[in-house]
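Some structures to go through are shown next.
Here come two complexes built around chain A, the first alongside chain B, the second alongside chain C.
And now, the complex of A and B:
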């Protein structure tokens, strides 16, 4: 399109617009933005403001309209509680392992699926199944597989001489968290592998060919070409995985409800227990605020890393 | 013209806002009146039971037929989330008009002022109420509920596997051990934190059956020697592997129905549920053979929501339910449970289920699964106790230390 043609095209304020129509007025953008803005205001800003307020009050679920202002008492109490500090540690372990292993496994599978082999289409379809399965179904199947009496996992572990004493993996403070991690990663890795596969397919082939012709080995080709191309995708995935893992509820709740003895209690499980078991909305809101602060730190950290990478690339 | 456009845009924006607000308004309150007929909602987890739910719904229909000004609709809410769902609704000034609560939630709700006092609505002197369970319906002279169902705990046993029911604790342990072979277990009880409320119900029988109690009415007594003895018995059975460890209640109850579990301590409601799973199972019931004849009972009061705009009409339903003929019908629906008033079981029912009298005879020695003197705090104390007992089962701490920890934590909690 030439510059002349561009000038002759009707602009947004010219042409055949019906006189008196609100379209084209300076209010038009606000009109179209209003529903989304209202949605965000009602479902995000107002609840968030309410949560901030609640976190500084003593409020019972049974009488939520009557709050007593207690300042920072809720925060002082939860941070003074050894159980809460353990919850933070478990959350950290859960998130880090989920992100590292899910992204790592996803990358390995994506590299495998990016190769040419017979049945590759079928393999790609099969890999997505765990991601497509509903979380509740995954949790129930995992519970069934981990059952100490008839679960296939225990039978297999017994056969190879690695059986858990008593067999009750989900009731063992030592093995419950690893079992939940394995289940979570089993469900997560297909998503990371599919996303990374699409990123791998976007790597310009001529770059890898050039690296190979320059005598680079497989590892160096991967490091210098492939990794540099997929790094932004990996960063985005790591951010998404972190936030999803921080807020994951149904899988952990269904499998252990945060037990045994708090061994799988993450922030969201603690939040739910405070709000609905102990009926303390103030404490629950304080736990939620801690979660929000952690999420904000993660997002800020990822933006910092991304910007640093951009600067380095320039 | 510009002003006109702005006005139109504003009208459009206001319309969008109005539509969104209308969508957000949500559902209306219960207890509505339509054409002179007051419509009430009665929420109960048992309304969703496969066996008893349809029969209870028919019982409600009988009430509706007998009235021309009040109609009651059933609302079945699943047991695991019943308390949370209803209490959250009531906390926000909404919820059903009539509710069948379990004791811990009943105590929390009455303490928070969410339940309508019944003193001025129902004259209970007209009815022959069962005194033992009824005493827990009154707080400081104020009546908050009427017993809808009282279901005492007893020992269920597979009569094909166990010819003579154990009558002492030692016999109980021996029977459990001798039956445990392959995929058959002598006993089953809940022992995972995922079933916190269920573990509480189960350990209650061991604590009270060995002469213990969670409190003396004024102070918590979680780490008393009697409690330690009772919970040691519970732990010994767990350690002896005579139970299917790690298996949840739904599964081991199915195993009992299939003849894979020999004994289980459960309440009267279990009779109907077991027959529903296997009508041919030859099972019997006996008192729990622990040293002290004291056991738990599931008390389920019916209450009126303080937020209901139709309390008088809701009381009409409770008064109808308390009529002798309706109490008999309700008891027949509930099976082995007792109801609010003294009733006589029919000869046909006793012939069909001879052990019904075992449950009835336990009423005077049964206690609701709440912490006396700390009723409203029971859910919080339960959480602390169960967590520590599970820690002892898992071997992370010895039982005495676990109970000491629970005593300390729970004492801090109740102030």
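And now, the complex of A and C:
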């Protein structure tokens, strides 16, 4: 802080005071801004620019300072690759299911907790637990619970007669993705629940009362009053869940490493294995760029939808 | 006849079911840590903790490795908290109280960086760290974690400062107080709840972080708990009870702190993101 202070006041203190307008000089905001901006420039913007550059080159992890410019070759190659198209499809499935189920479950739980009852505060706090748990710990306990021989999930599924043959859920191309989805959603639904709960509590009670008095049924009241008022929050959550799911790494990496046979390989997993297993930094960066472009399209699309909805509301 | 209690009963069952689903996996982690070998592999699963096995927690800590991991995590997380808040307060203040050229760009960059996957940034950051001799050090992880959590910290603090009245600040300024003094003496004490929330977010962002820690640190004695615990996966040497005990000690602080400040955290996260 003292360094900042000195930068800001080159002259003796009294001098600045005399001169000082109530808002400080026009440089004042930049003095506050500069340290953080420099920091983000060095650790985020410059590395990102390097990644953009890498995506147009052929560069090996073993010799990373030597890059050959190849133009759009990396992009042409990955889009021509059947495995990459499968990766895109899996990413799409993963993101859409996460968004829909996490927001849907969140809404259901929020509605459940919205009515006053004794112990609601405690219930609300306990529901938050999965979201607070570190991803590493979640992956670890999920792997143990899904253990083919001693895992509680297999024991339970066997008891109710739905056991997976052999029990190796995470080794099964069919069940690995659903297992990862359940784990992800388990960690996400507390967040959507708590956010939607505070949105529900901001719904003006007189509106719902008025609707009920007009003889509206519960479903109609929900659609006409509650849903209208929480719609922006639902939109925001859907956007957040999309972006978070597009960049989620450690949970999937630790549970399956994208396997078996690519069945759980999302874009981020693909880019990590391209970089560190195949040692192809160029194609890894290209995969990353595809992910970023998808995120940007989703953000732009959501702004468009939000604006259209706003115009309609007027 | 319609029974008035049916709705209530269904609600209670629903709430209990949700709570069960939310709590069970961590409960199971605890139970597994406290299950003796013979029962662990028995055909009937033991469903309640056996507290006579409590020594597993003490043994895990006494053995030393886990203690080192947790201490490393603590150093990284505390450093990240201090650095990101130290940089985030002035940045949030500048964004909240001043209009200046480039403000839109700064805001867009802050929102944009939040969607960058860590896995994408590992490669260029590794090169950067090698050049500046930051590899294999806790300080390097503090720097990178701060950079990743700074945008959300700054946006939350900006929102909090937006909510403060300008009058006090302006009168202090008219009395000749310098902008930095105004910020530290007047604004910072008033946004204490948001500071607590951002501190928890920053602390546990670094506490939980895995990708950078596993890539940038090689010396086992410098590994944080996230890496140590992840290394248990697929390794057969360590008893599952120890694995679960260490994981539980790694998880419990995050859960307890979030429970205390969850209201502010949720408000801050949504407020910080709303502008996106």
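Everything that follows uses one rule, which is that the second predicted complex is superposed on the first by the 291 of 314 C-alpha atoms of A that agree within 3 Å, B and C clash if a C-alpha of one lies under 4 Å from a C-alpha of the other, contacts with A are read in each partner's own complex, and residues count from 1 in each chain.
In this text, a contact is a pair of C-beta atoms (placed from the backbone, for glycine too) under 8 Å apart; a residue touches a chain by one contact, two chains touch by 3 or more.
Predicted, not measured: the structure shown is a model, and the values here were computed from it.
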item: Chain B versus chain C as contact partner of A:131, first or second or both or neither; value: second
item: Which of chain B and chain C A:82 touches, first, second, both or neither; value: neither
item: Chain A residues touched - chain C or chain B, whichever exceeds; value: C
item: Which superposed partner A:35 touches (first chain B, second chain C, both, neither); value: both
item: First (chain B), second (chain C), both or neither touched by A:312; value: neither
item: Which superposed partner A:279 touches (first chain B, second chain C, both, neither); value: first
item: Which of chain B and chain C A:299 touches, first, second, both or neither; value: second
item: Partner chain(s) touched by A:64 [first = chain B, second = chain C, both, neither]; value: both
item: First (chain B), second (chain C), both or neither touched by A:198; value: second
item: Overlapping contact positions on chain A, where the chain C interface meets the chain B interface; value: 20, 22, 28, 30-31, 35, 39, 42, 61, 64-65
item: Residues of chain A defined as touching chain B within the complex; value: 20, 22, 25, 27-28, 30-31, 34-35, 38-39, 42, 60-65, 147-149, 166-173, 255-262, 273, 276-279
item: Chain B to chain A touching residues, read off their complex; value: 1-2, 4-6, 8-9, 12-13, 16-17, 20, 24, 84, 87-88, 90-93, 108-109, 112-114, 183, 191-194, 196, 241, 244-247, 251, 379-380, 383, 387, 390-391, 394, 396
item: For the chain C and chain A complex, residues of the former touching the latter; value: 11-12, 14-15, 18-19, 21-23, 25-26, 28-29, 32, 40-41, 45, 86-88, 90-91, 93-95, 97-100, 103, 106, 109-110, 113-125, 127-128, 143-144, 146-148, 150-151, 154, 170, 173-174, 176, 178-180, 183-184, 204, 207-208, 210-211, 226, 229-230, 232-233, 240, 243-244, 247-248, 250-251, 254-255, 257-259, 262, 266-267, 269-270, 273-274, 276
item: Sites on chain A touched by chain C in the complex; value: 1, 4-5, 8-9, 16-17, 20, 22-24, 26, 28-33, 35-37, 39-40, 42-48, 50-51, 54, 61, 64-65, 109, 112-113, 115, 117, 123, 125-145, 150, 152, 155, 186, 190-191, 194-195, 198, 233, 236, 239-240, 243, 246-247, 249-250, 254, 268-269, 271-272, 275, 281, 284-285, 288, 291-292, 295, 299
